[in-house]
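After this come two complexes, each holding chain A, first together with chain B and then together with chain C.
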Partner chain A sequence: MKQKAPLIDALLGLIAMAGLIALYAPLVAVAALSFFQILRVRGVMGFAPFSLEPYVALIANGEILAALATSLIVAVVASLASLVLALMFAFYFVSARRGFGLMMQVMVFLPFLLPPIITGLSLLIAFREIEFSRGLATIIVGHIVFIVPVVYRTVLVRLQLLGGSLTEASLDLGASQAQTLIHVILPQMRPALISGVLLAFAISFDETLITLFVAGSETTLPIRLWAMMRVGFVPEINALATLILVFTAVITVAIGLLQRSPAGHAS
Partner chain B sequence: MNPMPSSARSGPPRRRGIARDLLWHGLNLGLPLLFVVLPILSFVLVSFWTLKDGQIVHVLTLANYRAFFTEGSYLQVYLSTLALSAQVTLINVVLATAIAVFIFRRTPRTRFLILMSFMLPLFMSYIIKIYSIRSILGQRGLLNEGLLALGLIDQPIEALLFSRTAIFIALAVLYLPYAILPIYLALDRIPANYLAASADLGATPLQALRDIVLPLGRPGIAAGAVFTFILTFGDFVTPQMVGGTQGFTFGRIVFSQFGLALNWPLGSALAVILLATTLLAVALAGLTLRREHVR
Partner chain C sequence: MRVQPLLHLENISKRYGSVRVLDGIDITVADNEFLTILGPSGSGKTTILRIIGGFEGIDGGRLMFEGRDLASVPINRRPFNTVFQDYALFHHMNVAENVGYGLKVRGRPKAEIAAKVADVLETVGLGALGARYPAQLSGGQRQRVALARAIICEPRLILLDEPLSALDVELRAQMQRFLKSLQRRLGIAFVFITHDQEEAIALSDRIIVVHRGRIEQEGAPEQLYRRPRTPFTAAFLGENNLIPGTLTSAEGAVCQVETAAGRLQATVDGPVPSPGSPVLLAVRPEHITLTANPAPGALLAEVAEIRFLGANILIELRHPALPDTLLKVRRLADGGTTGLRIGQSLAIGWAAADAALLAAS
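The block that comes next holds the complex of A and B.
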């Protein structure tokens, strides 16, 4: 057990508390403002009574809803595609010669290690060079490139912990490779697959810096919000921000619990 | 350990095996090559081209790099962005280390909960976090309105938003969790009996912190510093959203070359410089760690 040191702990606790306040106060403020709008009566600030007006306005805002739909499509396609690719890369890493595996791994990790601005503009230039016009497809590719490393890491850790005995038993008993994959290997990896896909979804849904480069006329929600905030203030933004915060918080807590559950303990 | 035996082992006809092997290698090495490595190479190549009368001239030249050093305020903005990122990195690493040590000193049961609450904002919408920071710092923001209402000021403080300080605060808040995680993970690896032994031998908690916890946490601290630096140096949306015209950082200059200014070769060259700077930061961190190790 660690020694007691009340003075140090109090000091550190104070810093930690300040950190939490700095992280959460803005979020809480936005949520509060979505229910209680700021009023100004003769130059003095006050709050309007509780109202769901911004939420009603949100539902009527077609631009935001269209962007939300785009974001959902992109996030679903990108996270599922990333899962398939990440599985493939993970199998490759454990089965191919070490040099090949490491080569693949370095390349796959690059977009996550480099600043997003680099990944974004290099994709933009590459698409331009092959004269592929920007649209939904380029956004999805941009997201996949950025997400795969995260899912790959989650999946690989689990795969390496599996060990080969069940797989060998399955193959010895006459199951084909495909049957072994579907009935033996994947079920054992379920927690890693689910948390990988959730993580991918959350990152894709939020991705801004790469998307700004590869998006054409069709934009995702963060880009739409970015454009709206530049122009000025719209009360719907507070409502939307609150909904998104709640939504991402739920996904994140779900991932956290999955990673912690006994079955998913490996990751 | 081999969960997926290679096709050679399960024994399909030889010829099909070779074709399958080729496809397998091709997919796994070809896709990353095509979608990651080639785009990076292509942007490095474009940085050596030039733009003349709105047309890209496909002749290799160092003109864009020369422009960085001689023309306009590129170098000046680069240096001030470097300073800004370094300041954010410094304050965040200090805060994150304190917070990581705080979490580390809790009981295992509460550790997860506290860590989780520091990590949660990491997954929350980046653009909304910037927006919410703005709604506090803005001219019509909560801070100004609150101070006005309390009668502490009679004019909104404009410098709260659209200033270098605002960018500094926003970046620090946005990227704090990225520094906490690696530092905490490094501390988490310290064997408990090291601390028990040091206590038995009469070390005070402060001595244990200085001589055991912090030295062993070094790799995490270096990683946290590198993450913070890379992310803040390359960020071009935060400075624009909270910095306004004051917040002209290097990342924004790069981005603007692909938007309004529309000079891709120059933008690529500036991006190569940005990339080289972040790689240098990684190398520097690695070097410090190695020297510590040898000593």
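The block that comes next holds the complex of A and C.
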């Protein structure tokens, strides 16, 4: 029933295109530059031929590898811990009385909505006050505070969709609460659990601002990248940025695919 | 009835906040019985079922199973199973896994589960569908899976929460026959919830009519149909013509009622109200006789509408003294009433035994 307005359509298309280019051109440039380095020969700019040299240098860089390892450990531990916490919060929310549930809703969400710099600063002060030395553990705690809301949201939506009658049916058939959780609730929530963890993983892997405050001697990959930029630009940075880009894109696509079939089966 | 019923709800009351949803509910369920709790939506019938199943607590009264108080028995320890209105099948399990779930959580050996699942699936007529997932089944098939899942643990009682309401008319009739025959074969008590009075009459050994959280009346379907005791039962179970009046005298069960249309006769079931009290006279449309040549003193009414309904003809008549009441009369379509016309004056009557006397509320 839509009326044809070719001029407006074309204009909208153009604006969208410009937006996409503005968003993605720098990313493409970084990826391209990681393979084709810029050369300056006697003041004249030019491109070097295709090379994987920055990637090789990256792999040889022990500090970067150590930062990558830290990032992976933090992301895995933080996202799994967040999943457990988020599940507990969600179960509490669906069974709690309205007032308590609402209060918890706000409390879980606040750290995500607060400026990360405030969250980071508060955590830093708190850790100092209780004399908890900064390190891997404090980074993980910082990330959990920030990503629990995201996982909680994903998990809660699915849990509310499930409704109470499956739980009741399971109990009615003689199952205990634990059996109901293991055989009925968690399997039905599997897509939400996986996409929640992936989302948490992606956010944790990229998190910079809070980490800046709570990190000790171990640094994560984004912090390392930040530090490298301050010292001076090296080609490895392009390679590293490209790798992170690809990695995040893969996770995003995976989440998208999971959310397209929310129940696993049509229900 | 046995001295000790299988299940006894004693004076149960239930509140949601300040709203009283059940009040003084007293129900017994006998072994092997097909008991239907019938009521309109919001009557509290589903709450009664959920209390038996253990999904809801009670605010007063007792729930006794074979003389044992069930108050402290949680859902998963009650010897009942439920067929839910939305079936509540586990969508990540196939049919066989759904049906075998009750045995699996009880830790029975795999071979025993497989054998019983095959057996029960055969019973409900789904023998070949064990490997299918619920999403691959029709509504009627899902219904049977829900039934199979409920009967596999051999409960003493099955609770059915409007299980046929999601099915289309034809499938519903088929499932009604199936449910009835299944209940006879298994020999376990069914407590069936419905708002559909025809369904209740067709299936039940006994019906309990619930209205606004109270029991209106209970009895065998025929008894309820022929001898409703309250205006609600009279109007909810099938069609009834209700004529208000005052009781003047009674001889045994046959009462004389003074109405705006004159003195009419009705039969009372149970205690006779005291003379002078307001009553309602209930006559089924199929029990009213029509005569074209009235005897002197007959009750005359004018034909207001004639509706052809296939097998039946419904004739609506108006009596000048009862301006608010259209009297409905039902006739078989081949019963020779085709000569009727609108505006015609006819004598109406009924046997005293066919008119029920109700206390007006």
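Methods note: the second predicted complex is superposed on the first by the 261 of 267 C-alpha atoms of A that agree within 3 Å, B and C clash if a C-alpha of one lies under 4 Å from a C-alpha of the other, contacts with A are read in each partner's own complex, and residues count from 1 in each chain.
Everything that follows uses one rule, which is that a contact is a pair of C-beta atoms (placed from the backbone, for glycine too) under 8 Å apart; a residue touches a chain by one contact, two chains touch by 3 or more.
The structure presented is a predicted model; accordingly, all values stated were derived computationally and were not measured.
Engineer: Since both structures carry chain A, what do chain B and chain C do when superposed there: clash or fit?
Structural biologist: fit
Engineer: So, A:Q179: does it touch chain B (first), chain C (second), both, or neither?
Structural biologist: So A:Q179 only meets chain C here.
Engineer: Which partner chains sit in contact with A:L114 here, chain B, chain C, both or neither? Use first/second/both/neither.
Structural biologist: So A:L114 only meets chain B here.
Engineer: Report the partner of chain A that touches more of its residues: chain B or chain C.
Structural biologist: For chain A, the partner with the higher number of touched residues is B.
Engineer: Just chain B (first), just chain C (second), both, or neither: which does A:G256 touch?
Structural biologist: first
Engineer: Which partner does A:L171 reach: the first (chain B), the second (chain C), both, or neither?
Structural biologist: Both: A:L171 reaches chain B and chain C.
Engineer: In the superposed arrangement, which partner chain does A:A66 touch: chain B (first), chain C (second), both, or neither?
Structural biologist: Neither: A:A66 stays clear of chain B and chain C.
Engineer: Which partner does A:P222 contact after superposing on A: first (chain B), second (chain C), both, neither?
Structural biologist: In the superposition, A:P222 touches chain B alone.
Engineer: Quick check on the superposed model: minimum Cα to Cα separation from chain B to chain C, whole Å please.
Structural biologist: Minimum over all C-alpha pairs: 5 Å.
Engineer: On chain A, which stretch or stretches are contacted by chain B in one complex as well as by chain C in the other?
Structural biologist: The answer is residues 171 of chain A.
Engineer: What part of chain A is in contact with chain C in the complex they form?
Structural biologist: So the residues of chain A touching chain C come out as 165-166, 168-176, 179, 183-184, 187-188, 190, 263-267.
Engineer: Can you list the chain B residues touching chain A in their complex?
Structural biologist: Listed in rising order, the residues of chain B that touch chain A are 1-7, 10, 24-25, 27-29, 31-33, 35-40, 42-43, 46, 95, 98-99, 101-103, 105, 112, 114, 116-121, 123-129, 131-136, 140, 142, 145-146, 148-149, 172-173, 176-177, 195-196, 199, 204-206, 208-209, 230-231, 233-237, 241, 251, 254-255, 258, 264, 267-268, 271, 274-275, 278.
Engineer: Which stretch or stretches of chain C touch chain A in the complex?
Structural biologist: Within the complex, chain C touches chain A at residues 53-55, 74-77, 80-82, 84, 86, 88-92, 101-102, 104-106, 133-135, 149-150, 153.
Engineer: Please name which positions on chain A make contact with chain B in the complex.
Structural biologist: It is residues 1-5, 8-9, 11-13, 15-16, 19-20, 22-27, 29-30, 33, 38, 44-45, 85, 88-89, 91-92, 94-96, 100, 103-104, 107-108, 110-111, 113-118, 121-126, 128-129, 141, 144-145, 159-160, 162-164, 167, 171, 177, 181, 185, 202-203, 205-206, 208-209, 212-213, 222, 225-226, 229-230, 233, 237-238, 241, 244-245, 248-249, 251-253, 255-256, 260 of chain A that touch chain B.
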